[in-house]
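First subunit A sits with subunit B, and in the next complex the same chain sits with subunit C.
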Partner chain A sequence: MFENSGLSMDQAPPIVVVLRFFLTGSIFGIVASFMLFFYGKSVTNFSSAQALALTHTLTLGVMASFMFGALYQMLPVLCGVAIKEPETLALRVNYALILGTIFLSISFFTANLILYILAALSLAYALFTSSYVMIKKLKTISHSSSSRGMLLSLISLVFVAILGLLLLSLRGGFNINIDYLALKSAHFSFGLFGWIALLIISVSFQVIEMFYVTPPYNKRYANYLPQIIITLLFINLFSAIFAPAILNIVEYIIILLVALHAGLTLIKLKQKKRAVTDATILFWAFGMSSYILFAFFYTLSQFITIPTTIVVTLFAYFALSIVFAMSYKIVPFLVWFHLNAKGYFEVPMMHEIAHPKYARVNLYFFITSFILLILANFITIFWQIGSISLLISFFMLFFILYSAIKKYFHILNTGKRFEFNMPKI
Partner chain B sequence: MEISQYLITDHRECDNLFARAEAAAAKGDFALTKDEFLKFADETLLHFKKEEDEFFPKFEELTGSSDGPTMVMKHEHEQVRGLMGKMAEAIENEDKDAYLSLAESMMILLQQHNMKEEQMLYAMADRVLQPNGKAELIEKMKEVAL
Partner chain C sequence: MRELFLDARELEHPEPLEQAIEALKDLDENSYFYMLHRKEPIPLLALAGEHNLNFISQQTADENWHILISRNQDIKLEEFIKE
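Right after this comes the complex of A and B.
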């Protein structure tokens, strides 16, 4: 009975698998900041090529890169799911994701059929291959609330990708008998709430208690929340086609459920037993607060006119905050862990890889960029100043990732180590 | 009582003791840090001993394998012991930054280790062992001393 239990504990992927994805994500963050600097106010028109290119650079280039990096690490270690030959697969997926994001972003400006096809092929490979391997593995294990949520988030990602490819086909001039706006709305809902929000919820089930020693989430709540959200997303999809009248209600319930989770997470963070409040906790708290504000302004926008860019910015900062929170926690630990497990004498401590003071300065730049980009809706010059602050935030993250890789390989190549038999790490 | 219930209580107690030592270090009170750290180290090492002397051999007997998950768990115990030595050194040197940095590594290392034990090993033992087998194993673990 133990053979099929998914018990595989010594199969953490090589550190380069994770760091390569994270490094790519941070570079796309830098690219997105430059785009924002040069595009400025034009991104407020959501149908513009500029807005579409920026959105997909952030979602595919940044979010998907960080997500795959984190999942390649988390699935084997925390869920007991071993991915075969992760290095080869991750490298291929990484390249396909980079090319797909670049082709897609350019194709919004050029409307070139060849670019559409290249973008579709690269992204289909990147998103379907990784998701397929991970979903297949995740289906075989007995689930924790976190792994179940991750599974549902990956299924949503596949769905987002299929809808995205259909949208791309329509843009490319293929005649498919589907309503473009309904398709776009479903792509949007599954992307924001099915993929990104569910992923963050699932990760929070795993790491909030673990990193910060907080009281656990209620088990029943944690088990059912992702399932309820995904069910509502499908109801939302069908109502878009068959009963448009209830569409807004269903979507609003989803938004409130995620807001409830954001509120609950803030309470958990407040109840943490660890005395130290580092930047990663503040990134989590900022992200959750940003989501609550998103839900609030979304509600308000149903009654009074509020620039949609504000609502979108709030959601973006919810997602990006968690990227920073996770990176500053995971990367220093992984470098320390892998070198320590390999038996090196001189292993840098986590603070030597990313000092908490550095992470805090990064947080201040990140929050400054948020404030400025919100104000940019009223004072145009703030688009540029805000994007510079965002650029600095992503550059600081890139620098930490780059120096972590450099330190890791320096010790790997020059460090002295114990020689003893141990399980493969 | 379930095996998981008994051993998870140990994990949570270690977490609480760890958090108290870290809080003392964050204030720069190294006398208190030393006291709290010793309590954390004692509790953790006792828990490891319960597992290594009683729980793992039983688990190996049930699975018929001694070089699988229990070997990885024992290796991680060694990593924790090594880290404890470095944390004790940081307390002796009254080096707050080093202590907090090592504490960060310790916390993640312990938590991911605990999670694997709780979600896999303990859960399996609970599924496989009969109630009297569980009671007997828990009694044996209660008798373990440092």
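Right after this comes the complex of A and C.
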């Protein structure tokens, strides 16, 4: 409860903190699309430098940028956690993440020790600093299911980073007595299901009900699901090292639990009270459907041969879809809200910042790229056509972010202001 | 005392905030804004704090949030909460 408690806009980070991360993420999305265009079929070999570079451009460059931006925004607003000097910290983390992603992606091709070290240092700074500050803050609050899930997701990120750095050390030639494949599997599980899926689940607990006026998730379910997933991830980590035989079973339970949540979210979206369906709801629905298909094809792949690229593409589109959904929902709101909070008269309406029709066209390009990239497993030329469609999707997102920033600063520099507590005549 | 009431429980984000900000612009010394919401609207409270408005937010047993905001600092907002 708040009662004139000194709560102020200082609680929320400056808008540039969030938009800078989002802009970075969309630029890396454009870069990843170009990589996919030029690498084509070679990304289907997951040990190839091309596949590793593309995977890390997507997970670090795109996903981590958007997720950090969203966390800097959501922690104060949803959890009441204020990060000290967010602008300085976010700027440093942003630069370190950009450099780390570039160094790492290049290092897969060159196997250059200096690049490995530079990548390790930059990424360690970006991931550990942000995680440490956020975890420290989140440990002090009384938790909602959403904030608890975010905390566990950040803990997973720390493990992803530690395991990733160990893998990098092995690639760099350092002799560590750890099984490379077990390490890789644990890095993969903590990254996909701990960091990415758990964060999406935690965010969904809060935003699905709030944004779309759906029935809330069951409280006990929302409280325990993230805890069960993180516990299973640790069991998974130990079984990767000590009991590889049960590794697949534990991982499969995690996959099914996330699929359960995806199904439940689809049901909630179907139960929303408003009849209007905008592009952000469709992005959420598409993302959740993509995850269910991922779980289905993963299961199927245990019995029949299915191109692994299909399974990976389904997971990637699950995560990216939520990125688009959240960006189209958050960015117009942030511009509108921050200008209102600063007391400007002529604030553009949210649909003037990102028109719903524009978002819908973006959704169509995004879905088209998904279909084409799935088909690319059978018809090679679709790698290129699909990546062009993905490129357009990310470019559209970049353009909306860029024009939102431009509009924001234009009004900030030229607009007239009012005071809420101006005396009334 | 004039009450500007908004039941935002069935409104989609960000309509509650949009309507609340419009209502805040209409406040005078003898009025207060009363909003019912299913979540605690931290951005709105932050905005009220930023503009030195008098405000209170309280959750009742039915899990609804009652948010009261006035321009006049002397209004005892807690007296107007409807349980």
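Here is the rule we use: the second predicted complex is superposed on the first by the 408 of 425 C-alpha atoms of A that agree within 3 Å, B and C clash if a C-alpha of one lies under 4 Å from a C-alpha of the other, contacts with A are read in each partner's own complex, and residues count from 1 in each chain.
Just so it is clear, a residue touches a chain if its C-beta (ideal position, glycine included) is under 8 Å from a C-beta of that chain, and two chains touch if they have at least 3 such contacts.
None of these values were measured; they are calculated from a predicted model.
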Contacts of A:Glu352 with subunit B and subunit C, given as first, second, both or neither: first
First, second, both or neither for A:Gly343, with subunit B first and subunit C second: second
Which of subunit B and subunit C A:Arg20 touches, first, second, both or neither: neither
Touching partner for A:Arg148 - first (subunit B), second (subunit C), both, neither: neither
Set of subunit A residues, in rising order, touched by both subunit B and subunit C: 1-2, 5, 7, 9-10, 77-78, 80, 210-211, 213, 273-274, 329, 333, 336-337, 340-341, 350
List of subunit B residues in touch with subunit A within their complex: 15-16, 18-19, 22-23, 26-27, 63, 65, 68-69, 71-73, 75, 79, 82, 97-98, 100-102, 104-105, 107-109, 111-112, 115-116, 119-120, 123-124, 128
Residue numbers on subunit A that touch subunit C, as the complex places them: 1-12, 76-78, 80, 207, 209-213, 273-274, 329, 333, 336-337, 340-341, 343, 350, 418-421, 424
Subunit B-facing residues of subunit A, complex: 1-2, 5, 7, 9-10, 77-78, 80, 142, 144, 206, 210-211, 213, 273-276, 329, 332-333, 336-337, 340-341, 349-352, 356, 422-423
Residues of subunit C defined as touching subunit A within the complex: 10-14, 17, 21, 24-25, 27-29, 38-40, 42-43, 45-59, 71
